[in-house]
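A, B, C and D label the chains in the order they appear, each numbered from 1.
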Amino acid sequence: MIKAGIVGGTGYTGVELLRLLVNHPQVEVAVITSRAEAGVKVADMYPSLRGHIDLAFTEPDVAVLGELDVVFFATPHGVAQNMMPALMATKTRIIDLSADFRIRDVQLWEKWYNQPHGAPELVAQAVYGLPEVNRDAIKTAKLIACPGCYPTATQLGFLPLLENNLVDPTRLIANAASGASGAGRQGKIDNLLTEIMDSFKAYGVAGHRHLPEIEQGLRDIQPAGVAPVGLTFVPHLLPMIRGIHATLYATALNVENLPDLQALYEARYANEPFVDVLPAGVLPQTRSVKGSNVCRISVLRPQNRDTVVVLSVIDNLTKGASGQAIQNMNIMFGFEETAGLNVVALLP
Amino acid sequence: MIKAGIVGGTGYTGVELLRLLVNHPQVEVAVITSRAEAGVKVADMYPSLRGHIDLAFTEPDVAVLGELDVVFFATPHGVAQNMMPALMATKTRIIDLSADFRIRDVQLWEKWYNQPHGAPELVAQAVYGLPEVNRDAIKTAKLIACPGCYPTATQLGFLPLLENNLVDPTRLIANAASGASGAGRQGKIDNLLTEIMDSFKAYGVAGHRHLPEIEQGLRDIQPAGVAPVGLTFVPHLLPMIRGIHATLYATALNVENLPDLQALYEARYANEPFVDVLPAGVLPQTRSVKGSNVCRISVLRPQNRDTVVVLSVIDNLTKGASGQAIQNMNIMFGFEETAGLNVVALLP
Amino acid sequence: MIKAGIVGGTGYTGVELLRLLVNHPQVEVAVITSRAEAGVKVADMYPSLRGHIDLAFTEPDVAVLGELDVVFFATPHGVAQNMMPALMATKTRIIDLSADFRIRDVQLWEKWYNQPHGAPELVAQAVYGLPEVNRDAIKTAKLIACPGCYPTATQLGFLPLLENNLVDPTRLIANAASGASGAGRQGKIDNLLTEIMDSFKAYGVAGHRHLPEIEQGLRDIQPAGVAPVGLTFVPHLLPMIRGIHATLYATALNVENLPDLQALYEARYANEPFVDVLPAGVLPQTRSVKGSNVCRISVLRPQNRDTVVVLSVIDNLTKGASGQAIQNMNIMFGFEETAGLNVVALLP
Amino acid sequence: MIKAGIVGGTGYTGVELLRLLVNHPQVEVAVITSRAEAGVKVADMYPSLRGHIDLAFTEPDVAVLGELDVVFFATPHGVAQNMMPALMATKTRIIDLSADFRIRDVQLWEKWYNQPHGAPELVAQAVYGLPEVNRDAIKTAKLIACPGCYPTATQLGFLPLLENNLVDPTRLIANAASGASGAGRQGKIDNLLTEIMDSFKAYGVAGHRHLPEIEQGLRDIQPAGVAPVGLTFVPHLLPMIRGIHATLYATALNVENLPDLQALYEARYANEPFVDVLPAGVLPQTRSVKGSNVCRISVLRPQNRDTVVVLSVIDNLTKGASGQAIQNMNIMFGFEETAGLNVVALLP
């Protein structure tokens, strides 16, 4: 049994970590922090956890956290980076679910997040926690930067095409839609049920913070010498709580000699426990991954034209955040990669 | 490991049984039947189960089912009773989620279900599978009649009041609301998203089939000599998938000498693994039990008047159907009662 | 054409007033105020109004408002009462949608709203704007206190029973459910889509501010000498935007001599343009009144027992607030009572 | 006052026609047909219409329909074409909301709809009823083929770009999402609330029947000599009732010399009563057109790259079907184009 801590446990990624960790056979959640709710029992805030956990929120304390085996940051961006210099000096290993260490180019991060970075010297030490790409580096990492939700769905969808240089990388399109839990648990008018139920809209079209993260991730897996990825990313807000659906478009470079895409995708993900390439003709639905850590993917070429369409679904709070964080932890500590994550999606 | 079968596995209680059983440490699902879908892989119909189960639906066959340790009926009413005479002659034990064996008065059953009963001679052998009332009888039962969803929420809510004869039993009110999955998976216009989303309505007010079941169950637990329960039951349809919320009203018989109801409820359910009496002042929400087998209950007396209000929530597919069926199975086979049922509700 | 003003136009009752008034043949909206949004075009805030209205929000100014024919207050409670002394001295007539002048007993108001009343001397001048009860007084009123949403649905449902003293008034039950727009447009965590979608709960069971308003209204219509109404009121929150459904319970005093309730209700509301008694056997749905000013009602006596059940639905923003305010205005100014209100519910 | 008939009035486009026509100042609905529901009062089927219409459904009869001024077909595809030869011989004018006469190439129609066409000789007489393109031809048309919902949102979005040959027409992408009412009112499992709420999916990616309609419409408005439009069309199903959101992608041909797209769109639609180009930086939401006949459009070029993104929203039942049909009727009969259509969207 390892001991885990969660910093910033009052948000949705925090409660999602708890939902999964309380049933993890090799982990004990020992500490959960929240400045605002210090002293409150976790189960009083989240009644779904009554009977599963008896902890109360505490003030974050590096001395305490540093003695744990692993610390998850489930905080808004800007928080983890400030505690990180002190925490990196302790024995614990760290999995940051926020955006603080995802982008290697500090200036780019500062531009998109519109603030100075609090620990630029540590950015290079962070391993980008997408197991399907970085599994080996994750095993030994001290600090994991967990991918964002849109970036996870988008990268897993484009990966086989870009690794094999089968499409024009310069004009990729990611048309994605997310449930409202992606916006977190903040009392903003924009996220009221009365503002977003029974409605659908695009947002952040002029520029969403996940764009540079996705472009960086996709460029990392391109073969050498190829024109770098350029992406048009249009996120939309769905009138529901959980789920991301990415509809990806790319133009085949050489449609006559294109390999069988279905076979290509199946081969690429054959050994991945959390990527499921659906049979030809079956399209994914977000409900098929609700509460599960699986990404389900379909690849098509409609009308046999040269536009390739990839559909990729995840639960934004699970594979898109907390589940993936636990998958990283499993890899880091040599546990079965699926430990604690064998949850079946809640359908219907 | 015991071997389990599911008859009629294509409906929502069937897929819910599978969601829970595939992670049950002591059960292997060996057979799942469906006349309509025989030959189809379960995971092709329910993609949430891809990677968790490799079975295909088969035609129901008593010879096969009779060799199993336990058979669940997840069929519409009228089906189980026809297979039951043959199946009761085999070694298997049976848990019927349908209404076929819930009502001991066969004539009453035939009136409410508007058809002759197919196995009236077996009705007396069935044990009503509400563990909080019948745990001992369940242990040795050959045939369990699993309670309905509304009856579970309603009986657990009224139980402490009626066992102690604290309220007028003749004019109880159960105002209940259910998610749409309670209506099953049938292609009816009434259940289309376009007909029931963004709307709320009562239904079956003139007479719902769960009324005689609830009245029977409540009368069973009344002390001897007391006027029998008379219930006004008004079900409503919620624009959501899962969850039952019962708001129960009763008139205190002797309000001056009423015991502390909070303490009474807490004591009654102190040892029940799946009944959670909320702290005074906390009201239950259906989301706090979504996908879990827990019933959460609050008891209040607004304005200190003599009307007692009990709020009781369950997930209709879990504690209201498949989870409770597994709880019964655990009791029957001497497993830990919570085995396979330690799922945390999916919140948010 | 009369000139109308709206104070506090940024909330949901404000935009609902505008939705209806922009198509009213005899009203011009001349002023709409908001301290927070002064200078912003209404249609920039509510794009549904683009092309229908060109006004911008202004600071509230009694000198300007006092010159109008009618002023609507669509403000939170506590606001109208502070402007009212000055405004009552002008020529305008006032329709207050807030709770400030609904309760005649100022001490009772102060207890439930937990603050001193700002204009106690004006409370007696206010006419309670439920046209089905107070039409004559409304015609000549200077100040209308528009009923709350739950009170409207509940009073219209109980009215025929209580006017005729057919039920025990001391133990009435109103089990009601509201869409989330009833909570207004405030950035609170409790009203986030992620907190209340896919869920259902009771709230305010210990005491909701609409309880004294409903009890006052019901007592007003009881015959002299009868025991005063005592109500248990349990509101619930629906995972949808608009609609109130009240399920009302009362015990018949003399079930053998009870008149035909269907006929009684039909007769009571025969001349009411906005109360629709459904045919026997038809139950109301909130979607049948979405965006319309109609209240639809059913009355039943399940199992021919002595509990009477009344079902009553309205749109909380229309008949429960802004539509009813306009109905009051039509009566006050001698317009056709249905002018501007002939909108058909949006179904599906 | 003209007299109108509706053939096939039990579906959602039928009730939407009625919602709008009962308040149209120059139209009386005289006949509404349904074979299945003949004899049933319309308001018994759709309680939202109680008090607004007293008609009952009747069997369709060309002799009766032929005497009317206008007949709307709100039928599934394949019905209108069979009645059309007889009806075209009468004095009435016809507005067909179905797909029967939208595609000029009869063979193409037969391929996509997988059945022989019942009146191929009449296809050439039909005018495609998109007022923003065909207003003059609509004025004098005997038979209008009303555009589909996706085609309306998509064509209005692409129009200014294609008319001016500003983008590569051969690789257009329309990523669109629709509320469930687009699938009509049929008792299919696929459309149950329990199957599609809380979920999002693409469908018909391999080939949707609206694809050839959109391609035909877009090719019609291209300048001569330009490569014909090729479109990748990916529809998605939203967990809500009404609304279409189209996210359109096109590659600018000459990004350095691209005109100001905002100004271009505003100019193109300046005189269109039902197309609203939003201010720069404002993105459309489907709720801003719920129940209204407006199409709201935004045009952007994210990151100043060469991919143009157009966002276009309509209510699929209003501008995407019944509202547009009435707009056509207004044009045909010389009424104010907005008569009966000045409805404000229901927000919130």
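Observations on the structure shown:
Definition applied: a residue touches a chain if its C-beta (ideal position, glycine included) is under 8 Å from a C-beta of that chain, and two chains touch if they have at least 3 such contacts.
According to UniProt, the chain labels map to these proteins: A, B, C, D = N-acetyl-gamma-glutamyl-phosphate reductase.
The structure presented is a predicted model; accordingly, all values stated were derived computationally and were not measured.
If you take chain B and chain C together, the chains in touch with both are A, D. Ranked by separation of Cα centres from chain D, the top chain is B.
Look at where the CA atoms of chain A average out and do the same for chain B: the two points lie 37 Å apart.
In whole angstrom, the spacing between the mean C-alpha positions of chain A and chain D is 39.
For the pair chain B and chain D, the distance between mean C-alpha positions equals 46 Å. Multi-chain contact residues of chain A (touching two or more other chains): 12, 181, 185, 194-195, 197-198, 239-242, 284-285, 287, 290, 348.
Interface residues of chain A facing chain C in the complex, by the touch rule stated above, are 12, 180-181, 183, 185-189, 191-198, 239-241. By the touch criterion given at the top, residues 12, 15, 18-19, 22-23, 44, 46-52, 181, 185, 198, 241-242, 276, 278-279, 282, 284-285, 287-292, 294, 296, 317, 342-348 of chain C touch chain D in their complex. If you check the complex, the residues on chain B that touch chain C are 171, 173, 175, 177, 194-195, 197-203, 205-207, 211, 230, 232-234, 236, 238-243, 245, 247, 249, 251, 281, 283-287, 290, 300, 302-303, 305-307, 309, 311, 313, 348.
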